[in-house]
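Two complexes follow with chain A in common, the first pairing it with chain B and the second with chain C.
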Partner chain A sequence: MYPIILLSFLGIVVLFLGFAKSKAILLPATLLFLAVALVGNFVEWNQGTIIYFYNMLAVNNLTLAFNGIVLVSAFMIVAMTRGFQDDDEAQPAEYYAIMLFSLVGAFMMIGFENLIMLFLGLEILSVAMYVLTGSDKRNLRSNEAALKYFLMGAFATGILLFGIALLYGATGSFTLTGIQAYIGQGNPSYLLYGGLLLVLIGMLFKVSAAPFHFWTPDVYEGAPTIFTAFMATIVKTAGFAALFRLLSHSFTGIYDYWWITLAVITVLTLLVGNIIAVYQDSFKRMLAYSSISHAGYLLIALTAMTPQTENSILFYSMAYSVATICAFGVLIPLAREKAMTGKPRETYEAFNGLARNNPLLAFVLTVSMLSLAGIPLTAGFWGKFFVFGSAAERGIIWLLVVAILMSAVGIYYYFRVIMAAYMKEGDTAEIRVAPFYKIVLVTATIITLLFGIAPGLFTGLV
Partner chain B sequence: MQEPSIPDIIQLIPLKSYLILSTALFVIGILGVLIRRNAIVIFMSVELMLNSVNLLLIAFSSYKSDPSAQVFVFFIMAVAAAEVAVGLAIIVMIYRNTRTIDIGFLNKLKG
Partner chain C sequence: MPVTLLVLIPLLPLIGFLINGIGFRHIPKGAVGLIGSLAALGSFAASVAVLLAFKEGGSQPMIVSLFDWIKVGELNIPFSFQVDQLSLLMLMIITGVGSLIHIYSIGYMKHDPGFGKFFSFLNLFLFFMLLLVLGSNYVIMFIGWEGVGLCSYLLIGFWNKNTDFNNAARKAFIMNRIGDLGFLLGIFTIIHAFGSVEYTEVFRQATGLPVGDHVVFAITMLLFVGAMGKSAQIPLYTWLPDAMAGPTPVSALIHAATMVTAGIYMVIRSNVLYTLAPETLEIVAVVGAVTAIFAASIGLLQNDIKKVLAYSTVSQLGYMFLGLGVMAYSASMFHVITHAFFKALLFLGAGSVIHAMSDEQDIRFMGGLRKKLPITFITFAVATWAIAGLPPFAGFFSKDEILAHAFEHNKLLWGIGVLGSALTSFYMFRLLFLTFFGSFRGTHEQEHHLHESPAAMTIPLVILALLSAVGGFIGVPEALGGTHQLAEFMSPLFDTARQVNPEAFAATALTHSEEWILMAVSVAVALIAAVIAYVMYISRSAVPAPESEARTGVENVVYHKYYIDELYDTVFVKPMKSLSGVLSSFGEFVIDLFVEGTGKLVKGLSNLGRQTQTGSIGYYVFAMVVGIVVILFWNLLLN
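Up next, the complex of A and B:
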């Protein structure tokens, strides 16, 4: 609960810091504020479940751990935003403030106890993302991405709200416990099923699961890369935390009804994400489809809904977020240095000869691709291991078979980048990276390898 | 003679009728989003969807004599206003660059 109050206040402070003549203070100030929020987050660690604001928000170790993942991801992404200072058009104070405010929305989604908070958190996060997506105002691609994201997001919100209204009509309550108690009475009304279906569709839109994924590649490609990284990690982590909370706290009573729906969506998401990713020429667009496929893996854990699900979603979100930040972090300096016609080069060719040019970036890229592909000794392997384990425990073998086949497909397109970086000859223009930027990338790589070798370090924490 | 209260007036019409009306409005909104080509009209359709939800919540709230849904309606209206502000800003930004708001012109991003 403290990070919500802290970041709401500190976000306003960042806005006022924008009046200062020198913009140089903004980045360290924002990083400091995020660190303060991270400390504030763990004040309530190991104190059991605490309920705040008249049953609106709950705090326990699981929500704190999700908050921690979101905050650390945000810290890394903000630390990579030095480019704002070179750009005269950029409004760094506003960008940083909006990023901090959007995190407040993420925390509300992670710990919601009442559907009002789910809706508010989702909207705070989404509206902030619409603005950030369109932040490159003169760039038509960014404009197009912002409009698509906005229209699709508002549409999804409408569907979610209609679902919430139907749930309220059936149960007479917006609280998770109220809905659970209503289902416990047995013989639920048809309004409940319709409401649950619409709420699921609304949420799956936001986490970009197929067949509600069609906005994702365009939006990810058009948005400025740094905000794409923000979208791919924080929105996805918060979305899955919220979906898990909703399903596990309220709807376990009618598991037989929704698991098959979710299983079909999972299979579709895995197929669409992985197979279309193979045919992409743009690295950024491939990462968009890869994020769809990772939504599919996370959905497997939700479909199985065993007692281990919460830990596997937590671990998977962590592994996916860190690896994705690395991947986008390598792309940003590369696309900037190799921009020839004003349009950033984001195709696979941009990576040609990277290993000779800048071995550190090539190594970071390799580890992050291995982690996304789920190769052993990286955190991504254990993420997939835990997720597949929960499906095996529930005995949904056909889902498991599809998932394993699709992760084999995934290896092809992740290795294409590594091949381009190591095997192919490229132009020898030197790629310069700021020391601070290097520290972030190396830290993220170390996290990936550390939890890949000793996953118990992370799972033992929660 | 005492004035009838607003929940009593709302309850003159059966709940099912409210459900059908707001579902119809909601479906019109969805069709508008899917069919129309003008960004402003799509936007209006989204607003129609949100307002059908408001209507439904008020009807349920009156029938259940429970005020929490009415509070929810205020939140929806406030958030919708914030969304309009951002959405119109995005549409104005696009109009300045392309001199059109037809979504058919949005084809710069392709696989």
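Up next, the complex of A and C:
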């Protein structure tokens, strides 16, 4: 609860800081504010479930842990922005403020107790993302992406709202407990089923599950890379936290009704994400499909909905976020240094010979790719292991078979990057990386390896 | 128990490894040696502190849980350390002898370009070895087990420009993998049978099982296969002599004093299980005894100073397994300790000789070195005396204890043991006489360069010589009017085993006079062998024949190590190679077809799927709507 208040207020402070002559203060200030919010977040650690604002918002260890993942991800991403100093047209104060505000939306989604809060949080987060996607104003692709994202997002929001209305119509309540109580009475009406499906569709759009994924590649590619990273990690984590909360708190009573739909969507998402990623030439676009495929793996845990699910989603989100941040973190300096005719170069070829030019970046990249591919000794392996474990516990073996086959396909496109970095000769342009930037990347890599070797360190926390 | 202190024991070498491993190109040589040795010494100091703290706290094992490591379903594997008599003794050997060898290496490796690399590997080895003995469950032991295997591989092939050395490293690795497979299957069986890998939990449950239980038999056999690989027992011993390709300090630390005793550690650690499986113990005893005499017989005719010591190590490890097989667990541990002292000393002494001889290792070209290398000579002689089992040095007490237990158990095994001890005495004195006595047989240039080694090398020699001389007094048998402090210290380790099979731990039936006779026999045999060696190599100053000379039948077979390497090559390697040839010519075609076909299929699908991404927003929304309609239609109307 504290980070919501803190960041709402501190976001405004950042806006005012924007009036200062020197923009240099913005980055440290934002990082400081995020750190403050992170500390504020864990004040309520281990205090059981606390309900705020007349049943609107709940705080417990799980929501705090999700908040923690979101905050740490945000901290790393903000740290990699370098204050937007190399761009005269940029408006860093606004960007930072919007990022902080969007986190408030994410927290609301993570801890919502009332569907209104879910909607509010989702919109705060989404609108912020529309703006950030289009922040590179002179870039046509950025504009196009923002417009696409906005149009389709608005459509999905409409569906979600419609679903919420139907749920209210059926149950007479917006609260999770109210809906659960209604289902507990038995014999729910058709309105409830329709409402659930529409809400699910609205949410699945946000986490880019197939067949509602079409916006993802175009938007991810068009948006400035730093905001793509933001989208790929924070929106996804918050989206899955919200989906998990919704399904586990209210709809376990009619599990038999919704799981098969979710399972089919899961399979479709896995297929689309992994198979289409194979043909991509752009690293950024590949990561977009990779983000679709990871949505698929996370959906497996939701589909299984066992007592393990909450831990597996948490661990998976952490592992995925950290590895994705590393991947984008390596791409950003590389694409800038190897820019051709003013445009950043984001194809696989940009990575050629990276191991020679900058062994550190190559190593960071390798660990992140291994983690995304789910190779042992990285956090990504355990993420997949826990997710698959929950499906095995539920006994949905056919889903597991598809998932394992698809993760084999995943190795192809993740390893292409490693091969480019280590086995191909490239130009010898020097890649310069600021020390602070390096610290962020190395920390993220250490996290990936540490939780890959000792996952108990993380799972023991919650 | 000070947890931080305990954690420091493995952590210090790890830190040393990281510093030297990452920065070896930039750190000056002096600092590299200092960092590596300080890490080992610090670890030793912490071990001593932990030992003292443990002695104050009583005799019960202490388990220090660091964090939850793996939690899958019912199985919970914590990352925790177990401190008890066994792990403490191993700690003392590993860090103590390890520190000495680190210091020795500063002198020995001084001129090597890979100095930094060497020290980082050595520290990494210490880390894994400490993990192996500190872990409180089989999985941590396995990590250490694999880790030391890796370091052994890296260090055997340390001079990786030489193809033979690389092959030796690979051989060691592959042979160990065979053993590891057994170990791994053993762990799986333990998980299956007990649902846990924690020592305390497994042994607690095992007490409920009857003696001779089939599952326990399977587990102990599988674990023993692992031990055979790591501790170089027949049939998996051939890698150890080849492992002498590594730098000599490595041979001393890894291939004599510590890593190869991991198999013994494992059996003693699992003493409850082994006590429940008398059939396994019988096999262990036979394998040990046969290895002891077999390797000793090969040692008789070897001419490479390090090869002789290598076969002697295999043979001594055989004695330790013989001791385990007759349930003389603490006697075996005693021999591990004394062996660590005198065998490390022998290797380091050999290293000093090789250092002086400008890398010559063939004893046919040595001789008369005692005047030029007095310290090396005296310490080497002490070690020879100790390993030959002559009183009052360390080897006498430990070997005799094993032989006494063997006598009680089975007279034949005892006979083999005594014969082996005669052979040991002979080949060791042969080595001593050929190297240090007589006249110099090397080239003129070598003679010119002869010099005693620097202090960094001789000080560890002297310390180890002292330990080899007096180390045996921690276990003086009652028959000689002493008290067996080591056995008393280790006694609580076997409480559980005593409970499940009290008969096996019955008090010794030997009278003191019988024990005296046994001791007299083995000492006499060793002395006679030493005298024969004296007559042959000093009185008659015989020198082993050069490579080219023809040898008679039996001699030839023994000289060529019973052609075991060639046998393995014909029986395993060649058929495997031809099978692999068949598979690669035929199988590869089929598999390629399949693999590439799959790849093409995925790529084709990918190309098709890619075309759905048209970029047109109307199309996207349309696809979404279709999705929504299908979902709603299917769920609401068809269900």
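The definition used in the following text is that the second predicted complex is superposed on the first by the 461 of 462 C-alpha atoms of A that agree within 3 Å, B and C clash if a C-alpha of one lies under 4 Å from a C-alpha of the other, contacts with A are read in each partner's own complex, and residues count from 1 in each chain.
Just so we're on the same page, a residue touches a chain if its C-beta (ideal position, glycine included) is under 8 Å from a C-beta of that chain, and two chains touch if they have at least 3 such contacts.
This structure is a prediction, so every number in the text was calculated from the model and none was measured.
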Chain B versus chain C as contact partner of A:172, first or second or both or neither:
first
Under the stated touch criterion, which partner chain does A:237 make contact with: chain B (first), chain C (second), both, or neither?
neither
Based on the superposed arrangement, let me know which partner A:358 touches: chain B (first), chain C (second), both, or neither?
neither
For A:278, select first, second, both or neither according to whether it touches chain B, chain C, the two together, or no partner.
second
Of the two partner chains, chain B (first) and chain C (second), which one does A:119 touch, if any: first, second, both, or neither?
first
With the two structures laid over each other on chain A, which partner does A:161 touch: chain B (first), chain C (second), both, or neither?
first
Looking at A:41 after the superposition, I want to know if it touches chain B, chain C, both of them or none. Which is it: first, second, both, neither?
neither
Based on the superposed arrangement, let me know which partner A:459 touches: chain B (first), chain C (second), both, or neither?
second
Return first, second, both or neither, reflecting whether A:409 touches chain B, chain C, both chains, or no partner chain.
second
Could you give the residue numbers on chain A that contact chain B in one complex and chain C in the other?
148, 151, 155, 159, 217-218, 276, 279-280
Please output the residues of chain C touching chain A within their complex, sorted ascending.
67-73, 78-79, 599, 602-603, 605-607, 609-610, 612-613, 615, 617, 619-621, 623-624, 626-628, 631-632, 634-636, 639
Quick one: which bits of chain B touch chain A in the complex? Just the residue numbers, please.
19, 22, 26, 29-30, 33, 39, 42-43, 46, 49-50, 52-53, 56-57, 60, 64, 66, 68-69, 71-72, 75-76, 79, 82-83, 86-87, 90-91, 93-94, 97-98, 103, 106, 108-109, 111
Inside the complex, what are the residues of chain A that reach chain C?
148, 151-152, 155-156, 159, 190, 193-194, 197-198, 201, 205, 211-212, 214-215, 217-218, 257, 261, 272, 275-280, 385, 389, 393, 409, 412, 454-457, 459-460
Mind pulling up the chain A residues that touch chain B in the complex?
116, 119-120, 123, 127, 130-131, 134, 137-138, 140-141, 143-148, 150-151, 154-155, 157-159, 161-162, 164-166, 168-169, 172-174, 217-218, 221-222, 276, 279-280, 285
